[in-house]
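Okay, got some structures for you below.
Shared between the two complexes below is chain A, which has chain B as its partner in the first and chain C in the second.
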Partner chain A sequence: MIGRMGLGRVITRSLSSVEPALSQKLTIQPAIERSPTDLLNALSETVGPDTTAPHFAYIDDPITIPSTQSTKKTYFMAKEFGKRAARELATEWPTLFAFDRDQPQLPVFRPRHLADPLQVEPTENNLLKMISSREVKDSCILYERMRSENVDVSEKVQLELFRLVTYYNSSNVPFAEWEEFVGMRNFGEDSTSSWKSGAVADLLFETLPKTDETVSIMIAGLCKFSDHSSLERARELYKEHRAAKGKVYREAFNGLIGASSYSVGKKLVAEMISLRMTPDIFTFNALLSSAAKAGKFEDRVKAFTEIIGEMKEIGVEPALSSFHLIIKNIIDFKLLDNEKRESDEQKKTYNHQLTVAISWLNEIQNSLTGKTLKPITSTCNLFFVEAMGIHYRAANENLAENLVSIYESKANEVKMPAFTIESMFYNRQLQLAVEQSASLNRIYDLYTTMVPRLVGVNNYLSSLVFRKLAASSDRHWPLLRRVIIDGIAAGQMNGVIGEEMRKQLCNVQLHTLGTSEREQFTSLVQKLVAVWVEFSQFTEERMRRLQRKLSPSQISECALLLTRIGEQQKAYELLDLLLDETASSGDEATVYPRGHARPWAMAELFEDALRKRDTYAAATCLQIMSLTANRAKLEPLANRIFEKCNVNQEQVRIIQGFIRLRPQ
Partner chain B sequence: MHRLTHVSTRNRSSLAEKLRNAVGGQDFGKAKQIVAGGSIAVKDEHGEDFRELYVMPKRKLRGQTQLEQATGRTEYKTRSRFDLMDRLTKRPPRSEEMDPEAQKWCDVWPAARTFASSVVPLPVRMGTRPNVEKRAPFKKEGNLELVKIPNFLHLTPPAIQQHCQAIKKFCTPFPPELLSNPSATCQHLPISIEYSTYIHQGTSIRDIRSRVVTMKIHVAELKLSENQMEKLIRLAANRYDEKTGKMTIITDRCHTRQQNLDYAHYLLTVLYHEAQKVEKWDELKNRTDALKVEFDGSNTKTKLIDLLEKAKLTPGLSPSAAGCGDQKSIDEFGEMWKAYRNSEETVEKTREYGRQMKKLLGIQQ
Partner chain C sequence: MLRSIQHVEALSSRQISTTSMLLKNRAGKTKSTSNRTQLLTYEMAQKPHHIGVRKSWLTWHSQNLEEFRQSQPLVVAQDEVVRRFIRGFFPQNLVVSGNEIVIKRRGNVLIVAGFLQYSRRLDIRRIYWMFGFAEEFLSILLKQPVKLEMAFVESEEDVAYNYI
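For the complex of A and B:
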């Protein structure tokens, strides 16, 4: 400060001198106001999504990038449980972590131990601390301990505790509200529970005076965790309080409306209006929930129309959760399952309801385009996945793309939880696009953009892409290679997907591939065959559960692929397994004893052997084909061996004798 | 790749093996021996087969097995490792799938990060080899040298251009007077302040070097008189640079940068006001107290004038030389002499001294 004042005097002295002033003044614009993070926000706008990278929560490495949804969950939770294990270690051996040289000291990074309700002193301050940190069960235990030890608890503290235990039904906070551990918040599954009778909430309700607030809280809690008895009790409380000229809060009305039928809900709304309470978005959501309980489709649509009309009349803007309730309940629940739509009448009804649902969604999406979407209730994000489900069932790709653009626009602040609901959303979008698109290039672009970043590799998607590749007359090697590599990483090699992989690879025309693509084909086939053979060799007792024996069809297809890439020796070593009895029986067996080789594969192998004039390879193919063919089919093949290959009289006699022993 | 050879005993020969035996393969002799041995049925007097002599067991001897192991001809039966599923989950490097046309690099590498070989789509090599002409340096996969060094892959020219475009809205235009007349910067902005900010990733984010503040002042803009300027220069001592006309004040004695900045302003204020003070002892200044050696009043000037008077009486010199002995020539010599005495001595300056002396005395080259 002294320096600045001195500098001011210096400037004053200079300005007061007799020398003339500067010819022109300096024009300096005032600084542009900005917040501390404005620069960072401006720079972050230059960064778009990296479509080849995994989610930012994973380590960017080929080994640690997950391919399937289960692997994503495993890797994500592994980090979190590692953090928890570290905290357990720090709690158990605190002296090892006593040395702390962090500058500056940040208490937020220090572990905070939760108070034990059985050890802590039973005072109101400790109870209030537990209540403010939302430790519901610990608060209940401490409160009961205070009551048992005859410690006085003021009415104010009891009211705070009553609010907490009624809101959470005397249970701990659900996983969706966890702040510290994001893994449990994403993947934790809360169980819906009914009201706990005789718990601390009921005890406090009996203790506290029956005011408008306490009765409303109780009614709202009973309706939130509703079963038959709690609903009856809520209605009784409502009638008693109304008979005593008491006033019920809006939250209680919302709970009662949501738990009742539509006609009763409308009456309750009328009572709200008579009490000069304006319905809000939560009231209308509750009314939509009650309207969804109507059994008939026409009644539900009529009720939805009335409610939306009332909202527009009053000026209440519908939330995404309102739209979610509507589109979720338009179609009859029993018609959603494709297997149960047996009769034509049911199919016709389903199509009609689907058309109505699409019409509603079209209007909804038109109204949502360009608007700023903010989360109002906790179920706003479910609208997107439900709408995508409707689009998927109706095979409407245009509306699906519009929905994705609405979700991914900057104006949308409602986000679905990653890895669970968002993955389902994008999975449906990708499957719909793959089914509807006729261009393999577009399928390839969509697939590489979304898998495995947004959508995990799954059997249905792989089968769908393979079906598209088989049905199309064009060839798209990058897409086929990518899907097979994803299948390898996802562990889909054994089973129907593995069969599909071999089938698609056999259909590849090698002469249409370029040089680098041919090298890719060669390495891919080598890897696949090596892995399949390795799976078959888990013959030790303790690892036999991992064994997947080679089937004859698998062996023939692998041999054909190996022959095409120029590895005849390995191909015929594989084929020899089919003729080796010890390979399919006993403890060391690696071949499945049932099944047959592919006739078309063996035929191609036979032709290839004849082309190369390899007598022994042709004999091997002939012997393998003789397992399924009769003598009439084998004689022309033997004659072709005699024509093409150099065989002497002894070999001719052996082959003819071999054929003569085959059955007719 | 995987070896598909199995060590197994066949119960029956396959068709291919029979064909090989028919053309006289490597087992031809053994087959003949078996046939020949089987056909000679030797019976003893009781009608039983004659037992063959036991010489070697029907298995490989221990020495035979060791010889095969030593020469590498042993056939091992391979076993599958239990971590096959974990090894299969490895994906190919994602740099193989990057499309340079459809994807922007600043999306892949938006900020500074450690080198990742699976992300960078360049065939980078780094390291040393004894003979680099025989083997190239190590590739990027598994190369720890690339992980150690800082890379600037996030500061590609397109990325920098995008960053500048993004933060342009927070920039005010440059003063137009300075754009049209760059030399006016010293007039309008005579003081410049320099400091450094350090970034750490350790246990402490502080750095003791951040407190240093360097202030540079263009002294001419202080509008001081000649005497005041001389006094300021004396007070500043080595902080004043005569070539650039700037005074540098470096402060680092306080703990924080703000305190050091305030102290620098304080020092400037004190120097300015001290330079303007006039004391009584200022009037006692004489020639020897000047910052530079002056030609007027020096012994050299007196001796030079005497020398010139004597030179006029000497017949050897040219008395009719132009400029010989007049005041203009003496002043010109004085200027050269002053520069010679007040700066570092060089060969050129010495030669210039000689030329001026000859010119003054009228000595021809």
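For the complex of A and C:
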């Protein structure tokens, strides 16, 4: 009963409160039509790349994140070599890893030794297996073994082997084509080799009948690993085969064009067309590399223009690698080096060529904007780094930013290998932005998003930022702190950058910093001084190679920084080292015997001591200053000590005697 | 024959056992010290009945769920293999004797997480080599991708939650 009454009261109250609203009609909105992926898209828009995290290949822990280019390489390779060791172990003792529950069985978890060409049965089947797994040297050994054991090898298998050995010049697959170990692919270096004459490829060429295919393969191989004699041979083969009314394949033409001069290249293309072969992108790239050999700038530009015009004419879309060839070769090679441009004439020519290069790039970038870019050849990715190099030379920040937006857009599928080429690309962009920008805030934003994730810390970049900080009238503590911390992680503390760090820290005006910033300043100075002192104390025989002795100027700067953060005792312990002769001589020396304390630092320390009426500190400063100053300069300083500090007659007498003994 | 009479007498006399019962629940109980030096991590400090409330599991997989128990024993055995391998392979870097390694299974991937400490001779290249080796070794052993997601602390004290 009570419940019903209560309910009635609630209803009447709610009705009375909503009465005016009832006049408005309530309509339910129709549901918004959404596709099945709309939710996922919305979610993906909220998450982006974490610009503060390291690359995913590294252990995400402050101590294990690499900060320089060389540590990135070292750590990556260390991890890869660990993996290779484990695989080697599993290959050697497969029975210890025989936990076989996976369905389907995955061969990637069952590493096996490659068949030994000296042990396997000398059959065609085994040879074919080796050829299909691209074991070039092993298949050569097995083939030679089969020949010596008089085992017949069919023509078909011989042709397969011939294709393989000619393509790889009878040597193993280069690192660049390794699939399993990424580190070797990106960091390993292969020397470009010239054609191995008298190897299995030549032997097979003599054995096999001279068909269109074999001759074309041979010509292409000779041109790929070209030296003077191999090129001669390729040309002779081509002439002989053409004289015998044979047909040469496109790959052979491409090889010959790429290795010839531009005029010869054009003739070869005309011959291709007469054989009803339409040139493809590889032909044009070969033609571009032959055009790049022209000595004169005007000839090169004319040839490039002709080639691009021809490509448009027959509807071949230029690949990024074509643009790379143009951009790389447009400026005279000898003018690229800053030191070699001595005369005004040369500088003028260089500027003209750079302007032309920039206008070409502007056109190229306009044509690339909004287009889907796909990798066509293996050198497509090099376009971006080369173009960024030109923008850096011309200090054209707008085009550089445009290039980065093209590279980072979703339509671009051409990616540079991380840590090597990509790092160079972003390094140039960052250097250009830092050089051109006047705003320290912008530099800070760029620096924090790119270093050390994309760009390794390097001396040039750090000194560039320090220069910017020194030149700017504003102060930017977070940027300075970040560059110094990165410098510590990158091992820049000793040497020129370390000196720059101290100079910058001495220039910081503490009263402009906030409370937390002042705490950061204190801990940074403490850390830096502790590290420098520790480095100087590696006096034991086995540690001596790590030792970096303290220089007198370094000591004076460190002492100044320590007094600023209120650590007088530590500061004067350091300054005492300058007056202690045993600290700079003998095997246990921690201080360089040469050099002098910085006069401005000592003057500030002296003033500070007077302000505090600290006789001991003021006298220490006076003694250090007496190492470089004469009597006339020291006398007024001594008088100031007598004025400001509580000195007794005995002390006055000692100080006056000390001054009197200094040279005039 | 007569000599054994003595023993018969001893056996016949009844005695009350004063030994404490062994039926008590000992899990999650850590003996305290008089000077509070016994380190407890968060994981140790929470009692077993707090699992799923204040602390989580040390192994994450779906084989404990109803109708998902096709290979539960296998998972338990694999966990033990992984834990023993990590304990044996990183002996200098373990914290609390490697008792708190978390094993997570996500899809076909097995992720090993937890804390390690810096060893006496800190060589980062060595750490990377060992991570690469451990990941590849366990992957080949268990026939599934294994990833290490270990974080480093400076010393064992950094993982202390309480001292008793």
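FYI, the second predicted complex is superposed on the first by the 602 of 664 C-alpha atoms of A that agree within 3 Å, B and C clash if a C-alpha of one lies under 4 Å from a C-alpha of the other, contacts with A are read in each partner's own complex, and residues count from 1 in each chain.
Quick note on the criterion: contacts are C-beta pairs under 8 Å (C-beta built on N, C-alpha and C of every residue); 3 or more make two chains touch, one makes a residue touch a chain.
Since we're looking at a predicted model, the values are computed, not measured.
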First, second, both or neither for A:Glu650, with chain B first and chain C second: first
First (chain B), second (chain C), both or neither touched by A:Asp38: first
Contacts of A:Gln504 with chain B and chain C, given as first, second, both or neither: neither
Partner chain(s) touched by A:Thr377 [first = chain B, second = chain C, both, neither]: neither
Contacts of A:Glu581 with chain B and chain C, given as first, second, both or neither: first
Which of chain B and chain C A:Phe97 touches, first, second, both or neither: second
Partner chain in contact with A:Asn172 - chain B first, chain C second, else both or neither: neither
First, second, both or neither for A:Ile63, with chain B first and chain C second: both
Touched partner set for A:Glu534, first chain B, second chain C, both or neither: first
Residues of chain A at both interfaces, chain B in one complex, chain C in the other: 60-61, 63, 71, 101-102
Contact set on chain C toward chain A in their complex: 71, 74, 118, 122, 124-137, 139-144, 150-152
Partner chain B, residues of chain A touching it in the complex: 1-4, 6-7, 9-10, 13-14, 17, 19, 22, 24-32, 34, 38-39, 42-43, 45-53, 60-63, 65-67, 71, 101-104, 448, 452, 482, 485, 488-491, 493, 526, 529-531, 533-535, 537-540, 543, 546, 570, 573-574, 576-577, 579-583, 615-617, 619-620, 622-623, 647-648, 650-651, 654-655, 658
Contact set on chain B toward chain A in their complex: 1-2, 4-6, 8-12, 14-16, 18-20, 22-23, 78-80, 82, 84-85, 88-94, 97-98, 103-104, 106-108, 110, 116, 118-119, 159, 162-163, 165-167, 169-173, 175-178, 187-189, 203-206, 222-223, 261-270, 272
Chain A - residues contacting chain C, complex: 59-61, 63-64, 71, 74-76, 78-83, 85-87, 89-90, 97, 99-102, 106, 109-111
